[in-house]
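Here subunit A shows up in two complexes: once beside subunit B, once beside subunit C.
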Partner chain A sequence: MHPVRLGIQSITGMLAISLASFTVINSMPADPVAIAIRVWNLPATDETVAALRAEWGLDQPLLFRYCDWLTRFLTGDWGRSFRTGEPVLGEFLERLPISLSLGMAGLALAIVFAIPLGFFAAAHPKGVADRFSRTLSVFVQAVPGFWLGLVLLWVLGVQLRWIRLLAQDWTAAVLPILLIALHSVAVLARVYRRDLMETATQPYFRTALAKGLSERQALWRHGRCGALYALLAAVRSEAGWVIGSTATMEILFGLPGISQFLVQSIAARDQMVLQAYVMVIVLWMLVMNGGAYLAMRFLDPRLA
Partner chain B sequence: MVRYCLLSVLAVFLVLGGFWQPYDPDAVDILARHSGMTASHLLGTDHLGRDVLSRIMAGGWRTTCVILAVGLTGFVGGTFLGTAAAVLGTWRETLILRCCEFFIMVPTLVVALTAAAIFGLSPLSAALALGLAGVGPHALLAHTLSKRVLGQPFILAAQSLGVSSFGMISRHLLPNTLPLMFAYVGNQAGLAVVAYASLAFIGLGADPSEPDWGAMVFEYRVFIFDHPMLMIWPGTTIAITVSALNWAFDDFQA
Partner chain C sequence: MPSKILSGLTAALLAASVFVAASATAAAEPLRVGATYITSGTDPAKGSNGWALTSHGVGENLFTVDKEGKLVSELAEKAERTGDLTWTITLKADRRFSDGTPVTAKTLAAGFDNTFANNKAALATGGKLNFEAAGDLTLKVTTEKPVPLIQSLFAEWPLIAYKPVGDGNAVFTGPYRIAGFKTDASIKLEPNAYFAASEKRSPVEFRKFGDAQTMTLALESGELDLAFGLPSEVVTRLKANPELTTKSFPVGYQYLAFFNTTRPLLGDVKVRQALDLAFDRKELSAAISGGEPATGAFASYFPFAGRQARPTDLAKAAALLDAAGWTKGASGILEKDGRPLRLLAITYPQRPDLVTMLPVVKAELARIGIAVDTQVVENISQVAAAGDFDITLWAQHTAPSGDPAFFLNSMLRSGASLNYAKYASPDFDAILNRFAAEGDPAKRVAIALDAQARLFADAPASFLVSPVWYVGVSKRLKNYEPWGSDYHVLRADIGEAK
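For the complex of A and B:
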């Protein structure tokens, strides 16, 4: 697939999702005018209602409002939050770096740890690394990250006093990042191992052994690229999972990220924030998808 | 055999919570706050004197409803879309598959968040959202399985015998794909439990005052210094339930 085609597909997908989410979010039973009047303590007269409706274009047909919203969104006017009265873009720019760095750091850490773990698991089947990665993948599937985090806080923070609870500096982010990475490490290491094991059944692997390479050398030299390719394909789906774990981690550790803001906005039925959030998530997924795709293309020129 | 026993014990525990608990899960008994594990309160009581075991059982019933709703939504929707795509073929197949692929891209959490914002906070809306998010993968699987079955010689034989398209789907196609689809649904049940617990934990599962495993972990997290067992119990219940479900269904690797 050509990059241009990928770009066109991504943009079409983004438009489709934005239209779908705009329709769904705008057909919410809650009336934004009623919420605004209550939140801002405005007089609930007919004139106020009519003025607000006209100002937000709520008297226009849905498609017209969508086009209007899209042009504003693309030019950087993401509307105002009902709840805080601040521009949504500003609110997001304030919080997005926290969530983004949590997610990116977790994912990067997972890839860094998954490669050696998967490699040694493949080089020594039924060895320590293999058993460890297998146990880990069973473990992370059953134990939710937020609860594991809470238990760790209790053991390390309350019982052993190794970490400070309620730290306000960068150390507060260490445990969440490790927990986000933990789930992905298990998944990615298994993917990496499986692909390496497949390499070991190929005829060229036997040739490499016949040349005199040790099994480990042969796996690394001949299986590395192929396994990395499989790993990147798995990263694409793992990127969606990371959003979910980032959200629970932000709530658990009280980090002022985007998810915490979002949960509060949902309680207030803040439509502009919700819409902007969907767009940010879709953008993140598309960027991760595109990035992984470009790296895969670099690894396997046959895709070009 | 052992796994079926385990699964039935789990099912009995979960279903029992639907109509019987040792105490009323919402009954406040301020004199018996933080009683610890005693004979009358097996898992102790919380900061309002509510019986933790009763709350876990009540939460278990809600979780069961969520699992069933999630499974049913994903199973019905996915089988329908996937089989339709495989049978219809041509551009309609491409269209359905593309839509499913795009839908998979939107993370489960976002779907659930939007559903919570629109339909209000209830286990049903959370389950509906999780189920809808599962339709995409289910449809892709159903499509792959159906394609494989449609390539078999007996389909060709049935076609040359003049079997109607409805008979073809109901008599020849679905009996061959449904068992595998069903196994996949079971495979996803553990995932649904964790997803629902996560939603409840961030406050989007249901009314936070209702007993839900995730919401209980959230509610009891503040007692981490003095009464850590309060948050240990619901988390352990989640872990045991998910492990049992995964173990019972792990024959099938999608």
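For the complex of A and C:
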């Protein structure tokens, strides 16, 4: 697919998702004005209700509100949070870097570890790397990340004193990133291995062996690009899981990222925040998809 | 020889400088405090920020409740009644805000006016109050409704004293001032230089934990000096740690269950009464390893508390449900017109004991054939305000100002701002109206007991456990004495060992 066509499709998709999500979010039960009056203990007069509805634009027809929101959103005015009263963009800019850093670093680390693990698992089926990656895969599926995080905090923070639980610098992110990466390493390594194993069944692989290459050399020379292609395809779906898993880590490690903020915003029916979050996630997925697509195109020029 | 002397002197000088530097560092080292809550903002008129800012040691009231539960003056010197609805409050001289400006009647009046305009909870006891500065230290107050004890009203959490400085910002008078605030994460506090003995206090880093277990681990790893609100199950483990001290204290809080009286299944008083009778309060107390079965709306040490623990009677509960038309279905769950008696019970993680109690509540109600779905929600105030629940487990200090009227008025009076049960009873309201005209403490006790009797009959809420809470402290705060629930976590007398 041509990048221009991909771009047009992405923009169309974003608009469609923004309209659908705006409709759904605005149709959620419970009136945000009623919630705000209760939570902020505002005088529940008709004047207060009318003032809040006007301030938040809730007195306008849905389509008008959507067009108004979209125009503002595209010009950098993401509205004000119903819950905190602060500009949504500011709230996101304060918190989003933490969540995105966690997610991206976790994913990058997972890719870095998954490639050698998957390769050695494929090169030596039933060997140490293969058994380890299989065990890891079962382990991360079976053990909740929250529980594993608590155990690691106890072992590394309390018993061994290797990490500081309340670190205010970059070290605070090390363990959450490792935990996020752990799940993806297991998934991506198995994908990488599976593709390499398929390569090993191909006639050209046997030809390479006949030419005198060792199995490991043949796998690396003739299998790595195809396996990397498969791995990048898997990264696209893993990206969604990674950004979701940051929520658990933020709560466990007390990191003030966007996920904690989102949980509270859902409870408050904070429509501006929820809509902005949907758009950020869509953007994240588009960027990850686009990045993976470009990388795959580089690996396989037939895509061009 | 001179070179040896020189070397010795240099070494001594170096050692001394290291020692001095280390001492200076230690002196500037902030106290590290952890809890599962933090103020949601610095605007004292919004939501429950008034309570949180006082709890953080930032704000004060005109009057407050001391550690013996007595009502005492704080910023005010005295209050005198001058008419049915009018009072004159004399402020203490020489008190200053944290920006150095004097505390005057005019500045406090501006703050209170802002609170009454923006916080409905402030209206609970006396209705709308009007303030007029009659001098630098004389504040005239006119209440909308008769208030028998204005001191108690001014000890209520919404009425934190402050000087508004525009755009939701304010300056306070407490022992600490805000030096930095990160929403949902932490607040940095410095000693308020204009509060007595400020030189004896260290700065504080107050950190919010999303999870109480993580907070416990931070205490164990030596990264907290005070962990407030430890889960009871970790107390035995912490007591074995020689570096830490664990303290428990009785609190005025009550753990209770609000029943959403507007939901179809709980609109029937017989069903609510059955729920109340089905709770085994001894079992609930045992589950959280700390507390006593509740006797009513107030902790048992208050004079206006019930004298006997609320009863458990499964046979009577079953009879009530039978009378309400609920019969056992094939699955063992009660049914009526083919509809199962299935309820949604919610609570919130900021009170770990409530999370522990939630499955016990589910099991207890299952014994009388009621199915319960459970949920732990992060932001209970919003969910409860939206009414998205049948039962909500709740922790509430029911006599924060040493008087029973505030809780009953603000959380159970018809139409009250925090009436999550949406309980509406003219009879109950009539009982509460008697508080407004009665100043005799003994007669106020009788009114509180009458109100509780009405609540027991109508069952908009079930009072479950009067808890004790736990705090863990490092050696640096071994003299910290917890009291006043979570209304005064950080105080002037924090007990730091220097």
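Everything that follows uses one rule, which is that the second predicted complex is superposed on the first by the 286 of 304 C-alpha atoms of A that agree within 3 Å, B and C clash if a C-alpha of one lies under 4 Å from a C-alpha of the other, contacts with A are read in each partner's own complex, and residues count from 1 in each chain.
By definition in this document, contacts are C-beta pairs under 8 Å (C-beta built on N, C-alpha and C of every residue); 3 or more make two chains touch, one makes a residue touch a chain.
Being a predicted model, the structure only gives us computed values, none of them experimental.
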Partner chain(s) touched by A:Thr84 [first = subunit B, second = subunit C, both, neither]: second
Contacts of A:Val4 with subunit B and subunit C, given as first, second, both or neither: neither
Partner chain in contact with A:Phe253 - subunit B first, subunit C second, else both or neither: second
Subunit B versus subunit C as contact partner of A:Ala34, first or second or both or neither: second
Which superposed partner A:Pro144 touches (first subunit B, second subunit C, both, neither): first
First, second, both or neither for A:Leu74, with subunit B first and subunit C second: neither
Touched partner set for A:Ile17, first subunit B, second subunit C, both or neither: first
Subunit B versus subunit C as contact partner of A:Ala210, first or second or both or neither: neither
Which superposed partner A:Val278 touches (first subunit B, second subunit C, both, neither): first
Subunit B/subunit C common contact set on subunit A: 29, 150, 153-154, 157-158, 251-252, 263, 267, 269
Footprint of subunit C on subunit A - complex, ascending: 29-30, 34-35, 37-44, 83-85, 91, 94, 150, 153-154, 157-158, 161, 164-166, 250-256, 260-261, 263-264, 267-269
Subunit A - residues contacting subunit B, complex: 13, 16-17, 21, 24-25, 27-29, 138, 141-144, 146-147, 150-151, 153-154, 157-158, 240-241, 243-244, 247-248, 251-252, 259, 262-263, 266-267, 269, 274, 277-278, 281-282, 285-286, 289
Of subunit C, residues touching subunit A in the complex: 32, 40-41, 46-47, 118-123, 158, 168, 182-185, 207-211, 213-214, 217-218, 220-224, 377-379, 381-383, 385-388, 417-418
Subunit B residues touching subunit A - in the complex, by the definition given at the top: 102, 105-110, 113-114, 116-118, 190-191, 194-195, 197-198, 201-204, 214, 217-218, 221, 224-225, 228, 231-232, 234-235, 238-239, 242-243, 246
